[in-house]
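Both complexes below contain chain A, partnered by chain B and then by chain C.
Here is the complex of A and B:
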């Protein structure tokens, strides 16, 4: 059978964000796959250099819509370390609370997306309805559903009251009940099992070689979690299990995320019941002495790394963000090869990709050497040639 | 006057007009039921009609690479085949407009034509997504067609006739035998789900994988008539299953017959909607395995049981 090349993206119903996968098909099976990134580059790292540390909080929060708290917390830990600020314990506990609520919201969202990609729309509708509960929790605590803006230099912006605590615990109890139902459904429904088992295999050695992080790595049996390996915030005081699974497939990733939800509920309750007393923020100077700092953080999708360099002014010299999706994307091409076309959306979704976090790299062609300004005609010609190489001819349009 | 009645049968009731309107209505029922089961609001009752009118007004674009004449004619072929099939299926009365010995086989073949046009539509569009969709249409055809035919043969053997109207009359006369067809009924419903390309067998136009599948390049009016043909196929398929397994109109005629027909097709639509909501879409190779390993033997068991029953009853 002859080979066909199918472009999956940048615009495709299975993708929520622009990215491109070129799939070489032999019948229904994939014999080759390449990943192309860069459709979502927004120049955020450069923009961060022109803003003060406090203004950057609002910029960094918008790196990603879902792990907004992850990115600000990593950034702010760097700033506080450079400024040698002592963040109050209550503030750290509230940050942990938000981190876990965010994980719940992200994992429930993922469960729905996975259901949608395998054509199980009922699961999608159910989980997204229940996800509203955790969004309500976040709104109750911070006033916002997605960009909570809870972090500020030296602490958090809002305290947690007794009523808010009761409201959150009530909703978490409901979610625990629903999550147990989803775990039962995901592990016992035969079509879900048929679609996820032995799909997107990533053996542990390949996962290590390609630097997989987060639930993707943990589903390949690698016990890798920043919260355990190098505890930040107050994770060293919390009691939680590191969830791993050894099936190396999408089913494993589903189970890992579902069981992590249960752990997160436990942690949320623990933090709320043992909130330390004291102030929620300290003052941090506007200008920060020269220095550099790296911090990592277990975002819902995996390890998020921020590098920050200060130069004595009120603006950073350099900020570098390595989002978890960039680490996991290297594994996607491996997971797709030899699989079925029908599994591609699910395999891509299984790493929970977040392209707007990832597309921050500048790519240039070293062969060209010098800078060149292209006009419309030249750009059009270049893009036609580019697509011709990939097997699609747009020259007659 | 004599010639007007068959013409009215073909064009108005239960022919083209009724089929189109009722098909769109069933589409709405299906969507609304699924929505309610999935905790959603669902569309208002006029949504399928609004979609129909909207698509009629849209521009028709034929790809350069496609065969212009074939690309434009295929939707009408699909619709014509579905409507022709209805001629031999008893809808609201005990007998069809035109029934003959062997019309069961003819109807099965007429209902295969839309699937073949879907394949040709996808293939002639010559875009990667529609080519893959077209290959899936054909692969899927080989999976569900055999179980569907086998399951329809059972009642025919029991009734001792290949005439759909006579099969319906037989079951109307012996309603006690209807529950004995349960296995075949279930097998035929599942195979029908495959024929109508509905969840969990909507593999040829799985939107997460190959966008619109075989219909990716179709727009406007042409797409509209394909979708209408699928809606009509739902009615005709439900009517066929109803006539073969559930005794058709149960001997009623006139308004009572219409009522029985509507009630039963709504029930079958409910079952189809339930199947759609309960499952994830499966892969093409899983579908072939399922159809040949489980569905075809179940249908065969029904045939064997019917032969046994036939001898027992004399």
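Here is the complex of A and C:
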């Protein structure tokens, strides 16, 4: 049979992230695949060199829509190490709380996308409805659903009150009940098993060779988790299991993420019930003495690693960011080879490449003490008016 | 120091094996080892690290040091991160590829080429550039310190829609 090469992406290959796969097909079967990236390069590492440490915090938060807390925590761990700041224990606990809430929100989102890609849209509807509960928790604690901005140099920006704690625990209890149902579904439902089993195989030796991280590596039986390997924040005091699975396929990745949710709920409750007393932040100097350090962090998608070099001024000399998806994409090409064209979206989605979401805003007028919720239409109208004042007319678009 | 026994052990093993090529080896703190290396020994050391259990190349950081361009290879066994620093002269920056030991590093090496202009010897031919755009100038390297965003914007008409 003659070979044919088709491009998949960069527009929406499986998720809304731009990436391109060149697939060599023999009939419906894939005999070769290459990954092309770079459609979303925003020059953040260069931009970071021209901003102060505190400004960079808000830049780094926008590296990713979902892992916003992961990237700022990695960055801030580096800055605090160079500044030799003693971050209060209560701040570390609150960062851990956010890290686990973020993992819950990311894994629930992924479960929905996986359901959608395997043609099980009820699962997508269920998990995304339930995901609202964890987004509500994050909003309750930080004021924001996606970019929580809880981290600041030397600590966190907001404390956790008793009412907030009760609100979070109430929602987590609901999620525990729902997640038990999803685990039953993932492990016992024959259609889920039939669609995901033996799809996107990644043997452990290939996973190591290609540098796979996070749930993708753990589903190939590799016990690799920064939270266990080099505990940061307060993970060394928390009781949780490192979840692995040995089927090496999409089914394994589904089970690993579903079971990790349970561990995260356990940790969230443990942190909330044992919050250390004390201040939530210390002062960190604007200028950081020359030095360099490297730190990693277990983001929902896997290991996130940052390198930071300071030069004695208030701006970094070099900041390097490597997000987990980049490490995992080399494995995707392998997973697709020998598989079927129809499995491609499921295989791509199974490493959980990231995407972002937000389309609403609440404006609070402190003088009138009033809150107003703006929807999409109102926000659009406001922005058109603002550009009109600057002499640009978008109203006819 | 007995406190960092494991770190000291791997450091002295590398120093014994690669003698003259290694300098400034340092145990910075728990789980962090840094060392400078002569670039021609890079593939050999990376193969040794992989065999010794440091089988995950977390990333490669490119860095403009002025006269030299540097590349820092962060290899880890998921606990100890060993950062191997190599330098290459700015006038003719070339480094050997480590793809033989770490095939997953292809995007990190492409990044060294694109962002700093370090030619990586041994990368397979026919790869698309990464991470920069196809029509980004081929002789400009944004992560070099003498590359200024303002200059690039000033000479690129795309960024000035009002001037059309």
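Here is the rule we use: the second predicted complex is superposed on the first by the 352 of 397 C-alpha atoms of A that agree within 3 Å, B and C clash if a C-alpha of one lies under 4 Å from a C-alpha of the other, contacts with A are read in each partner's own complex, and residues count from 1 in each chain.
Keep this in mind: contacts are C-beta pairs under 8 Å (C-beta built on N, C-alpha and C of every residue); 3 or more make two chains touch, one makes a residue touch a chain.
Since this is a predicted model, take the numbers as computed values, not measurements.
K.L.:
When the two structures are overlaid on chain A, which partner does A:6 contact: first (chain B), second (chain C), both, or neither?
P.N.:
A:6: touches chain B, not chain C.
K.L.:
Quick check for you: in the superposed arrangement, does A:341 touch first (chain B), second (chain C), both or neither?
P.N.:
After superposing on A, A:341 lies in contact with chain B but is clear of chain C.
K.L.:
What is the contact status of A:191 with respect to chain B (first) and chain C (second): first, second, both, or neither?
P.N.:
In the superposition, A:191 touches chain B alone.
K.L.:
Need the overlap of the two footprints on chain A, from chain B and from chain C, as residue ranges.
P.N.:
On chain A, the chain B and chain C contacts do not overlap at all.
K.L.:
In the complex formed with chain A, which residues of chain C make contact?
P.N.:
It is residues 28, 31-32, 55-59, 61-64, 72, 74, 76, 78-79, 81, 83, 102-108, 115, 128-133, 142-143, 147, 149 of chain C that touch chain A.
K.L.:
Where on chain A does chain C make contact in their complex?
P.N.:
By the definition above, chain A touches chain C via 36-38, 41, 43, 45-47, 50, 208-213, 224, 226, 229-230, 293-294, 296, 303, 305, 307, 309, 318, 320, 322, 326-327, 329-331.
K.L.:
What does chain A use to touch chain B in their complex?
P.N.:
So the residues of chain A touching chain B come out as 4-7, 12-14, 25, 27-28, 115-123, 125-126, 129, 189, 191-192, 194-195, 340-345, 392, 396.
K.L.:
Which residues, counting only chain B, touch chain A once they are in their complex?
P.N.:
Contact set of chain B toward chain A: 37-40, 64, 128-129, 131-132, 135-136, 199-200, 202-203, 206-211, 277-286.
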